[in-house]
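Some structures are shown below for you to check.
Heads up, the next two complexes both have chain A, just with different partners, chain B and then chain C.
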Partner chain A sequence: MAKKLSIFIAISLVLSLCDAFNLDNPSSRRILVLLDDFAIKSSHSLFFNSLQSRGFDLDFKLADDPKNALQRYGQYLYDGLILFSPSVQRFGGSIDAAAILDFIDSGHDLILAADTSASDLIREIATECGVDYDEDQSSMVIDHTSYAVSETEGDHTLIAADDFIKSEVILGSKKIEAPVLFQGIGHSLNPANSLVLKVLSASPAAYSANPNSKLAQPPSLTGSSISLVSVLQARNNARVMISGSLSMFSNRFFRSSAQKAGSSTKHQKSGNEQFFTELSKWIFHERGHLKAVNVRHHKSGEVEEPGMYRINDDLEYSVEIFEWSGTSWEPYVANDVQVQFYMMSPYVLKTLSTDGKGLYSTAFKVPDVYGVFQFKVEYQRLGYTTLSLSKQIPVRPFRHNEYERFITAAFPYYGASFSM
Partner chain B sequence: MARTTTKDAQDLFHSLRSAYASTPTNLKIIDLYVMFAVFTALIQVAYMAIVGSFPFNSFLSGVLSCIGTAVLAVCLRIQVNKENKEFKDLPPERAFADFVLCNLVLHLVIMNFLG
Partner chain C sequence: MGMMSGKLGILKKILTSLPRQSKPSLITTVWSQDSPSQLKNYSLQNPRLVLFSFQNLKFLTLFDFDSHIVLISSFICFADMARNYVRFLALILAISICCEAAIFRPISESHRSAALDLFKPIDGSFSSLEETYEALRTFEVLGIGNKLDISASTCPSVVEVLGSSSSNLKTLFYALRNQRILKCALKEEILKGVSSKLKAAVNSASALPDFYHSIGGLVLIKDQTPEANVLLDDAEGVFRSIKALSQSDGRWRYGSNNPESSTYAAGMAFEALAGVISLAPSEIEQAVVATVKNDVVKLFDSIEKYDDGSLYFDEKIVNGHEHQGPIFVTSSVIRGVTAFAAVASGSLKLPGDDMLGLAKFFLGIGIPGNTKDLFNQGFHAIDSIPSSNCPFIDSERPAQGVSVSSVLGYNTPPLTVTLVQASSSSSKSASIIENQELKFDHDSSFHVLDALPKSVDIGKYLFTFEVVLNDSENEKVYATGGKTQVPIFITGVVKIDSPEIAILDSDLGSIETQKKLDLAGENSVTLSANHLQKLRLSFQLSTPSGKAFKPHQAIIKLRHESNVEHVFLVGNSGKQFEIILDFLGLVEKFYYLSGGYDIQLTVGDAVMENSLLKALGHIELDLPEPPEKAARPPAQPVDPYSRYGPKAEISHIFRTPEKRPPQELSLGFLGLILVPFIGFLVGLLTLGVNLKNFPSSAVPAIFAALFHLGIGAVLLLYVLFWLKLDLFMTLKALGLLGIFLIFVGQRILSHLASTSAKLKSGDLMTDFDPAG
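After this line comes the complex of A and B, so read on.
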């Protein structure tokens, strides 16, 4: 009897864990937050509350807690990870750099914040994501022209940045008026890497150096190539945010007023809260996540999909694209989705027209070449997940009884044989 | 030397012409038919060279009908020629009937292959 009960409990536990990864809902739900100490939980409570109010389950743990685990028995326990532990040397439990990279490789999202005390482990994780922090351990980003004005004359390490990436998908449709306060280390991106983006970059007058000592040589990171906050959208559509400052997320910065040096407008509230609320929406797939379903093609006039087309046929192609709005799938509206009829190179390239409800369709004529073609839709836009659809279809030449009955080019031969 | 060669060619040509004038009329008609068939075949080859060989089966059947019927006409001429000792006992009507029958079979094949 006890055995049957334990079997029943085990089965229901496994079933409840399976239910956690719901394919229909791409937003993360359970997030593990690793902290250096629990004081961060209260000093950054505005940011965490904004996440919780959107329906996320946050699980706060110390970074070196020996009971930490991202997955158990092969199943991931969390859908997202926030690393607010810049000085951790070794994670506790079964988490390490490789486990975190596997977590990203399996499609889950990550928010990473470093600080001036960033350990080698955090730097290693960032480098694997394509972001290189300044190698000097004690350097911070200093800007003598865009620092935040405060009562005390500081060392200009608290900077007010407003050089945002121009993308409504990533940062929301409402423009961020106030500058964002930043105090921490800067990082640079490899220009050859096409997957990382600079969301907040430093002004051209910024540089990265140790504020407490004289500069011995020119700084290695200068100007707009310093990125303060970057994002990576991996090829499997996992999204990673990497920031150089943990205090950017704190309540103090969220609530403080911001005035950029050299400008006369003093904003009552800095742009940090709006910036991170919108950016975390993008990171956790509440915006900019597309799915393409129902790829259909058929001959004009027919309804069912043939197994093969003939050259010079008229065909119609349609696909439905939806965008996740955080709660439901909304139709995606754009005018630049294109389909290619491809065999080694596109023979036909047409822009799909939409009916406003997410259905994209077009009609074209099969080219006069036979072979095995593919209907390819390759859609890569800044801030959106990549859509890569391809459907193979063969195209055959005319059968011998599909030619016209009397070929005009052959009339001389007809005449010659009749005259004999 | 050159003069002798051209004079020889001219003499040859003249002797051929005078010998040919003495052939019977029906043989001359057959010869004319053969030349017409070969000429038609040449026209078709020239047309294919210009336009391209798109319905290649039509080209082949057109040229084959011309060459085939030319060959059959040559056979008829051989059989009908009275100076030919080999076919002394063959009535010319029989030879002509053979010619017509073979042409029919040839053109049956040609019609099917013409496309």
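After this line comes the complex of A and C, so read on.
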């Protein structure tokens, strides 16, 4: 009996480990790290340590380990995947590009770092995520005006980038002062994919070319359309980070000082550590993950939720929104949450007012059109998960006895009929 | 020498004035990890700086005399005299130095800060003695041992472990290691007790870790208290029993009943064997020692290699749970081999290249992130150097070098650095410098190149250095690695002349509009052209010495209002750069998009100090209408900031209620309508009511009153029905009222009937007039 019980507990534990971002227990998440070489585990350990210190359970594997698997018996073994294996031609085990895309499609997160040696497999995964690496295998991002001043790099491929996306939710509320060091290949965003965002862009003078050979034709990627680090938030809120440089995660870049060419300020430490710590918090849903609870609506002056509204009723609508902070759900404060009263198209679209404790509410009059309406909250903000709430509610016209009983204009007629 | 000291004076001036350097542009590259004041210390303690001087320009470069050189920094300064007239002649050459693909950096300040980050004692102590030792040792190696003061908290536990009879070998071993560094106050008897316990353990040991820990412990006791009796009686037997665990490929087994062999264990075994030799009362038989040396050589056959030339050891069989990683294994082997080489008589010949490869491996790790790795990296570094028989020096680590010479009293041997060749990396032609020996300056410990030939222009060069030890005896001790190639960029300001932009007429080639540009300042040219015209942009580039210069990046970019971009390379012939955009041939490429285009010019190169990105201005293009089959311009990415903003509010527009007459009008007409009714009532009152026929006796009067009240109630019910009651309530009430009315009506009618019958039967029939 005890054995059966322990098996049951074990199974339920396994089941509980495999879900994607789990609203009830978002902590203690498992991440698979696929490496080209175990040396990366040590040379990039500051990045891994920052994840481990935030409670992530990292499982390091070689990318071509034949035992690699993302799922077993239809259940995912991991909640996130880090691909630090830019040169891998074929993954070991049951992992391939399709398996990784399925992994994302089921709401899991991915960090992918390529390098100048990026293999076709890595490029394919990136392309599926809306990011196209420069097709020229030997090209690197070169920038002759905002390179990082360095004692050993003379060909201006070590770039000090400071063109960040303006989003506190993605990069944290603390401004990244020091430039981020980058050395690797550039990529561009697929214009057809509206979900992918440039988090770190190259400067307008940058271009992507082979530093060791002369330019024979115009570079395919130039200026600030070159993205150095991009993120994608899929419709199912899975988050993906794609970087063109593996070395920017390394301890060497994390600890290195940074000085942008032409700038007199020399930062003791590059912005890489802050940048990736904050960005990985976003990637693994420690920030910007919203949930909406307690959606309520009622006629003004009442408390009970009616089954139906009459046209021209005054109603009040409220919803509570919370954001996951990594450890707990904190009230989400914003002034741009909007509710729609919707039937085929919005009849009413109103911004909700907040009390600063997560409660959003508003009051409006039901339109004088009857039919089946919906209360809709479609909250899409840069960096936040999409909130999509809808609640159906019918609206009826006046009943025969709900019209006005005595019309002043008819008083002469009443008088006439009574006085006859 | 006078000239030299003058240079050094300038150099010192740079170094000391760096913190308040107001013109950082004079310094092309600065020390990456340390503040300049620390750099000064390094430079004075380390014979690893090379000063190049060229005409009035001095270049200082931290330089390593080993191969695989780490060039740490370079400075430029130009003498005051030169500043006056050289400034605009663009003779400002700076030197910046670049290593090959893989860069191996020395142990530096970043390692120290990493160590301080990683080894953080909790409440003044570490969780275990092993961790304490790792922390102490790493800090000692990095030269920051004084930053960790944990002797007060650790010593009691060290003494307790050593005094306790139940401590196991491993704990004893680490306690002794800590004792070596902390030098806790300890009674002699305790050490004696420990040494006898360890000796007993050596004799009874069968597994390799037991040997390792007990022998290691004895060696530590021997080092600390030379008078202690730690010599092994049966050293040869112990030696053989450890050797018995070795495998044919140089690896070792952990124990006789553990068939798995391990490289890590080999390192442990070598260290244990070295301990046995040093603890042996008499010399161990040479033949046996020779077999171990053979094992070492065999082990080095299994060394693994990375692409960048670094070498490492790794376990062959990867067992998920036991895999310790290459750093761990390599560190163990190096430790073992160096310990063994230090005590074994006769030299141990290992290829110098292997040693350099291993050094590269440790440096290639960069800054390790966990304590074990940092410990192993640092541990290896210091442990390998004191052993003078090891043909290896960590000269790639200036910081490391300092600690070696100060702690253990080893001085860097005299050596010569030769610049074998310096050639331009682009043209394979003649080299600019050949076989020039760099002068060594004892005061500053720099190797100095006195003068670069005047023919040196800006560009990318490949300098080949060779390091030769002056004393051939030292060659047994140090590995130099032969020749080293260092790519060097000599940068300078490129002169840009006569930039101009013009619109040409296509057929005649005549210039319609021509504008001069100022590439140093702001430009906002406004041009307009149609598809029959051409745009010409031209400028000249020349190096400081007046030669033609072809930058890597010379790009003109036209951006349409709709963000569609077109990029063109600007070609050159000699100094002259020119591009002609013939819009007739480009209409299709431009997607027939008429309108404003921004023109942007980018000129940049790695050796060009004044790389520029300039907005030149604006051109208004008038292109023909697109034909039906023309390609559509590509979609541009949506701006994420505008995509996600809040939407405009929508409020419903309600139907306006029908227009009604004003209330006053309705009420006025109501009054008018009621006037005849009121007149009727007034008339009725003035006429007077005849109530003569109302029954006068009590009972019929009550019935009559009730009947009239009932009729009134029915009328009232009608009013209520009109006002608010529904039909059902009205009928119900009407039914009840009806029954009541029937009853009282029947009574009053019967009363009236009886009264009239009385009158008929009586005489006064005409007295009763029911009509009133």
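The rule we apply is simple: the second predicted complex is superposed on the first by the 375 of 420 C-alpha atoms of A that agree within 3 Å, B and C clash if a C-alpha of one lies under 4 Å from a C-alpha of the other, contacts with A are read in each partner's own complex, and residues count from 1 in each chain.
Note that a residue touches a chain if its C-beta (ideal position, glycine included) is under 8 Å from a C-beta of that chain, and two chains touch if they have at least 3 such contacts.
Computed from a predicted model, the values in this text were never measured in an experiment.
Visitor: For A:409 in the superposed arrangement: first (chain B), second (chain C), both or neither?
Guide: Both: A:409 reaches chain B and chain C.
Visitor: For A:38 in the superposed arrangement: first (chain B), second (chain C), both or neither?
Guide: Second partner only.
Visitor: Once the structures are superposed on A, label A:353 by its partner contacts, choosing first (chain B), second (chain C), both or neither.
Guide: neither
Visitor: In the overlay, answer first, second, both or neither for which of chain B and chain C A:419 touches.
Guide: Both partners, chain B and chain C.
Visitor: Applying the document's definition of touch, where does A:75 land relative to chain B and chain C: first, second, both, or neither?
Guide: neither
Visitor: Spot which of chain B and chain C makes contact with more residues of chain A, would you?
Guide: Of chain B and chain C, the partner in contact with more residues of chain A is C.
Visitor: For A:312, decide between first (touching chain B), second (touching chain C), both and neither.
Guide: A:312: touches chain C, not chain B.
Visitor: Let me test your reading of the model: by the given contact rule, A:236 touches which partner, first (chain B), second (chain C), both or neither?
Guide: A:236 contacts neither chain B nor chain C.
Visitor: Can you list the residues of chain A that meet both chain B and chain C?
Guide: Common to the two interfaces on chain A: residues 407, 409-410, 412, 414, 416, 419.
Visitor: Quick check: in the complex, which residue numbers of chain A touch chain B?
Guide: Its residues touching chain B are 400, 403, 407, 409-410, 412-414, 416-417, 419-420.
Visitor: Quick one: in the complex, what on chain B touches chain A?
Guide: Residues 37, 40-41, 43-44, 47, 51, 54-55, 58-59, 61-63, 65-66, 69, 103, 107, 110-111, 114-115.
Visitor: Which of the residues in chain C end up touching chain A in this complex?
Guide: Of all residues in chain C, those touching chain A are 24, 28-33, 70-74, 96-99, 103, 105, 110, 113-114, 325-327, 364-370, 373, 460, 487-489, 550, 552-553, 555, 557, 565, 567-569, 600, 602, 604-606, 608, 611-613, 634-638, 640-641, 643-652, 654-655, 660-661, 663, 666-667, 669-670, 672-674, 676-677, 723-724.
Visitor: Of all residues in chain A, which touch chain C in the complex?
Guide: Going through chain A, the ones touching chain C are 38-39, 41-46, 48-49, 142-145, 149-156, 165-166, 189, 191-192, 194, 197-198, 203-205, 207, 209, 211, 214-215, 217-219, 222-223, 225, 250-252, 254-257, 259, 264, 266, 312, 336, 338, 340-341, 346-351, 364-365, 367-369, 380-382, 405, 407-412, 414-416, 418-419.
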